[in-house]
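In the two complexes that follow, subunit A is the common piece, with subunit B as its partner first and subunit C second.
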Partner chain A sequence: MVKGQFSWKDYDAGNTKHEWDLQKIHAAHKVLTEFKYDKNKIEKGFANKTLYINLTTNEIKEKPVTDDMKKKFTGGRGFGLKLLWDSIQPDTRWNSEENDLVITTGPLCGSTQYPGSGKSLCLTVSPSTNIVCDSNVGGYFGPYLKFCGYDALEIQGKAKEDVIIAIDGEASVIRIETAPLEEINTHLVSEQLTYMYSSKDDERSRQRVSVVSAGHGAENSYWGCLNFSFWDIRRKVARIKQAGRGGLGTVLRDKKIKGIVARVDKFTGVENAPENPEAAAKVGTKIQKEIRDLDRYQCNMRQVGTAHLVEIMDAYDLLPCENYRFGSFPKAPKIYSMKFFENFTRVIPDGCWHGCTMACAKTVDSFEVMTGPYKGHKVTVDGPEYETVGCGANMSLWDPKWIIEFNFYCDTYGIDTISSGTAIAYYMEMFEYGILNKERCGGLELAFGNFDAVMQFLHRMADGDTNEFIKVAAKGIRRVKDWLKSKNWGDHQLIEDTGMESKGLEYSEYVTKESLAMQGGYGLTLKGPQHDEAWLIFMDMVNNQIPTFKDKAEALHYFPMWRTWFGLNGLCKLPWNDVEPANNAETDEPSKVPEHLNNYVEYQNAVTGWNINKEELILQSERAYNWQRALNVWMGRGQRRDDWIPYRSMGPVTELEYVSRQERYDKQLAEIINKPLEEIEKMDVGKKVKLVYHHRQNQYQILSDAVYMRRGWTQNGVPTPVKMKQLGFGDEQKMLDFLAKKIQEDEENGLNDWGGVYSGSEEKPSKERRYWESW
Partner chain B sequence: MINSKEVIWKKDETISLLLKRMNFVFPMIVVKINGRLIKKDKYSTQLINDNDEISVIHMISGG
Partner chain C sequence: MTEIKRAKILKFNSEKCVGCLECEKACSQVHFKCDDGGEKSAIRIHEKDGNFQMHVCNQNGLCIDMCPVGAIERMPNGTVILNKNICVGCQACVAFCPLGAMKRSASRIEPFKCISCGACVRACPEDALELVEVDIGEIKQIVFNNYGGTNHG
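And then the complex of A and B:
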């Protein structure tokens, strides 16, 4: 044991203990269906079956994983897209009977040799966006699902009353049981179910159980997240990780699922049965050592987790403050990572899956809850991670304890901290302008910095409060924009421009105003503005490495394709570039971390027995990525108009914002309109705001033109049959026919044309308007 | 020039001081002077000449 650490048996998290009559709770269950199965042995990372459950009919069955499926979709998120395509219709909505909630694993998921190998990818038709949303999550459920014998779990239909789905890999039986007495909020129900379904009353047995749940907030908002538990034998508490984006928890609760439980009989660390275990171990050992040796000099993830980014974002003017109006704030040092480090429980390594040396999953133990139904309880709070702290800055909450409290309730209520934090920040700005006020907000004084109002809002929402504002606000920024406009309470343009959502999903926590490439990194995405496709701010704004539209388009092709790959395999992205080899700087393309890229090629080959190279790795992603885009188009979205982003993410909406970066904007404006700086400085600020506005809107359209072309799409952002055939979808006739028809319709409607207005030396990406035909 | 942007040159400025002045606090950076990689242990001694082309490449991280 390392000096300073102590035995897990001796540690007491100091949390409030619960007295439940678990026997009585369990005895109230009624088994609706029972399904016995033969557990497939996992071979080379695949269990080769998926599990299908229909809660309307109580049908449970298995579906085969074919070689064709692996070839086209690889695994993980790719499998999810395939299952959704087979099950839903273009007009399927989040609460439709046929909507699928899919939890996938991926061939590398469940390995312990390489750090970050425990991620699941979850997919569904999102309430926020009406298209497929994917969200990744750690915790033990994904690996355990595979060890129970399934590469993915697909849930269709809706139960009539609250149910538990119990997947028992020990007895090879799956049950749907009614669950009338369990709690709903996550920190309670995940603990109850872990105790109830563990085979013995000891810590090791509880560790072999994982629970998926969402709380009351998920029932009453569009921000529901899925909480995946992992039993912490040291703290003796069910820790959680979230699949946060897009309202997956809302769908879980709409299907009346209180919890999905997976239990495994054993866990040896080599369940994935790699083709070449020595090669997998070798590549893993190398990176594990790298993390141990270098993390402390680089991102310090092992000490403070992703919160290390707070001070960096503040220093580079990228921390979203007061609804993204500003990128830094005088009070920001109050929420720098060290302030959270002081609250974190140290001396315990904190991975969200076994074998993750990065161990960035921090907790605050024995946190005394300050508000709401659990006031006075002492609890373990997972996090806060950077994004949640960023939400604090966005709402102007400058006390770490407030952010931890916000974090705790979002988690246990089962709501996404990002969507709720970003949305509340917007409501606060509307409050500041008088577009919202106390009366219109159901009595809430929703001003920036008002912690009490934020917490009251969350509690009332989770409680199912029927006040008009609470109900609309819980559906997110897009619905609030429409509501405010329908009431005619403010300037419609201001309402649209300041609310940070695109496709109906709220932005994550980075200010993008000065990075056009990152605006594309948020807007030209599949599911909406989440930074998991591309994070290009440094490359673009600071390093100046991608100055031309073509360079930016290349980055907006490469990075989304590369990052998609993690989700196909069940991997965490963080060990890719939040630590880097000591000699990374000396490589040709340090931003891609070439050595780690090679690691991943070797790792996938070692587990699956495939023989891919770097290029094929990108191709695996490109297949899934294009399929998801085509799926979006099939559902009536996924086109240029849907890739629209609010102006707040492009530039200064208000004069205040302009003035806060006046020097920068004046200089740019002088170049744009070719006038001396002195003349610009004397111009009216309102006029300058307008000039920048028109220029930047056009820049974004020109960027979209370049990106669509680089990705092999039409000018309306539609993947072409030619491209899909190149990717290996030549026999997917239904999809190919649909795309051909759609492109023809676009042609008739004049949508296959450049979106940008080109002038002077600016060149269109291609001389041919119908460039995509000749590929 | 730093990352192809005009920055005023200061006499006797080392890389460490320049990074401080630019508020480049990110830990994972690569510094090159006129295309030549500078190792981290030289940051506090390596002086910058007028007209040097400096690249301060921030790795991606984050997200």
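And then the complex of A and C:
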């Protein structure tokens, strides 16, 4: 084991070496289009142009980034929403000709002084949800795209055969080339393309190339992710980070893209040309020192990455075990972070972009693959991160090696570990109930804990297996629910309640049953149940800081807005609150980490030269957030019925779940129906499950009422024109007219009314039903 | 690879120093081609309670592992150098240096450090500075990589 302080040249990851005839592979390329351009010099974080590519017509052109665009959409994900709005129609679907795949950067993306400044935000119409899905990702592609001269890349249309888009920032030329001979699976194609497109045959040159790819899994499922590479000069391997959620990789492969390559041979620490580089460096170094001094006492990110969460979640009954039935499990210590630490190769720095000393990107080098087409190969596996380990718990896989294997194949097949893991866990529960069985699963014995069956499922899926189950299952829980119901194989209510998806997207890995606010954090979202909008479990459940509906609504306004902000700028959220100043607990609002909030105000001002304060920072997010919600409504979703969440995320679906935490539920029920505990204990469990069910469903609707009003939406969750005007969209007449019309329709259909049933001391958020009219 | 065993580091004879800061000026010449000293010098002389103290890199090399682009390396003579043409200015080395010896001046994003070149030794009129050879094993530090806790080596 390497113990540190060695020359980067000397380390050997010990992986299987590949013998490819790259010249032959490259020679098979045919250039379909070549586009030469004048590279804009980046000014104060913006390249001030976006790149448009149409793969049907092979057209390549540039679009200007206007001041109006910056004012309304800030950058990053905001720009993505703007580009999509200009390109798609309400009925555009993931595989429509006009669907855009957008990769954006953001004004702070590519800075190196502040940790977590290398994120790209990717957007498209998702196969899972039929609305716009945004997903953030590290790796070098975003920064390099900007250094190539573009704030965003927008890809429309579909190629006829497999292509590579190569953006050469040195020669200022973009080519679309056919690519018949390259591999598809990521761990191979990203290495091939890195070697092929680097200017010289050395590690430093390879580090200046980044590749976006997916794999065979992305082609054959709705779970495709985008793998962004970052060449590791020490391990000499193309490492990867994923834009995992929402099937973006599926769209990439539908457009027949094998890889998108960006190359820049030279850049400096001030490539973003910040207005005030000194201020940016000062605030960045301050937080780097905090990470140095405090991380080992706080999150231990530098040693184990996000896997440190496993034991915490298990301790608080939040680790999803066996399809979220339980929040902890006797076998869970087998997959605590220490077990992964033993597998991680301790070669540093481990940031997915330069200067990120949080260094959460851990790897297992020389991992010997146990199954499938690469059995026996030794590979570098990126991760596992917490979410992937959580999937292990969900599928009842209690061996770190199994989880690493699952992680490796999901990555190289280009599928999201979260969606696949959560979905397979659901199929396993259906298998346990006999709703699915070996025959219905195409011969797979998909029982909890069956690692072999999980891997066989992934391999068969990636292989394009035409078995009915494999094909439907690869489309995710929502489609399987409909399929199971159409076959009439089980109780419809049970099928709906236990499958952890909302809006068609699978849940990420937290049990939310005891935190109403977090149920909202998953359900009252833009793209679906992903914890990137709000993570309120500790505030709500453990520390009881937001007891009332109004408090929860405020948190479900503030935190989604604040967290959206990272994506507008090209930043990672982790350095905000996964390290905290030593005195954070003594501040007025510890959950907001006020000192770090100020850091971000200073940082954005230092780079862009703007003069914003922390309120205006939230306003930037509110604009993008509301625009995205309005876009969802425009596409026929984004309303109360779409914010539905499965009951498994609210409370105990089955009697087994109730009994497993009987003391807790009995006590709560005694308060709800105001009866002595002794009486409750004697009641029939099935009856108790029903009582809790109705109570919690109503609580969620009452919460939705409060949140919609706080966000400035109607009771049906539609952003009001008044709100949009307040946010600065007064001249977006097409959108304003649409929203006004939609609200009128909702009025006629009786949808502008409270969703909760209010009784006793509970009050509606407003006496006025059409409360927005008086704003 | 052959292991590098010895390194030259600066030794300071405090009793000889008069605080003229000629060493800092000489260092600025090396790194910035100017006589500014101060924040543009990798060696700093501070006065504390009537005594002079030297603040400079001891070539312990912890920064080597911090650099994401491999711009920091130990040379065959044992000195740790930062190649500013490769550096991407992230300041990870600055923040993580346990001695605060990786320096940055406001005039340039890339940090700089003592390279044991001896310019300061030659510039010192009082012979307060000298370069001495030490065993790298005794000064070497690596980035903390144990599982939690406080171990820094």
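Details
Everything that follows uses one rule, which is that the second predicted complex is superposed on the first by the 770 of 775 C-alpha atoms of A that agree within 3 Å, B and C clash if a C-alpha of one lies under 4 Å from a C-alpha of the other, contacts with A are read in each partner's own complex, and residues count from 1 in each chain.
Just so we're on the same page, a residue touches a chain if its C-beta (ideal position, glycine included) is under 8 Å from a C-beta of that chain, and two chains touch if they have at least 3 such contacts.
Keep in mind it's a predicted model, so treat the numbers as computed, not measured.
Taken together in the superposed arrangement on subunit A, subunit B and subunit C fit without clashing. In the superposition on chain A, A:H354 makes contact with subunit C only, while subunit B stays out of contact range. Contact with subunit B, but none with subunit C, is seen for A:N584 once the two complexes are overlaid on the shared chain.
Which of subunit B and subunit C touches more residues of subunit A: that partner is C. In the superposition on chain A, contact of A:N543 is made with subunit B only, not with subunit C. In the overlay built on the shared chain, the residue A:L556 is in contact with neither subunit B nor subunit C. When both complexes are overlaid on chain A, the residue A:L568 reaches neither subunit B nor subunit C. Rounded to the nearest 10, the angle at the Cα centre of subunit A between subunit B and subunit C in the chain-A superposition is 70°. Of the two partner chains placed by the overlay, only subunit C lies in contact with A:P277; subunit B stays clear of it.
In the overlay built on the shared chain, the residue A:I260 is in contact with neither subunit B nor subunit C. With both structures placed on the common chain, the touch criterion links A:L252 to neither subunit B nor subunit C. After superposing the two complexes on chain A, the shortest C-alpha to C-alpha distance between subunit B and subunit C comes to 11 Å. Common to the subunit B-facing and subunit C-facing surfaces of subunit A are residues 297, 300.
Residues 3-10, 112-113, 203-204, 207, 233-234, 267-270, 277-278, 281, 284-285, 288-289, 291-292, 296-297, 300, 302-304, 338, 341, 346, 348-349, 351, 354-355, 357 of subunit A touch subunit C in their complex. Touching subunit A in their complex are the following residues of subunit B: 3-5, 23-28, 30, 37, 55-63.
Contact residues of subunit C toward subunit A in the complex are 1, 61-62, 64-70, 73-74, 86-92, 94-96, 104, 106, 109-110, 140-150. The touching residues of subunit A, counted against subunit B in their complex, run 297-300, 306, 309, 311-312, 315-316, 386, 531-532, 535-536, 538-539, 542-545, 547, 573, 577-578, 580, 584-586, 590-591, 593.
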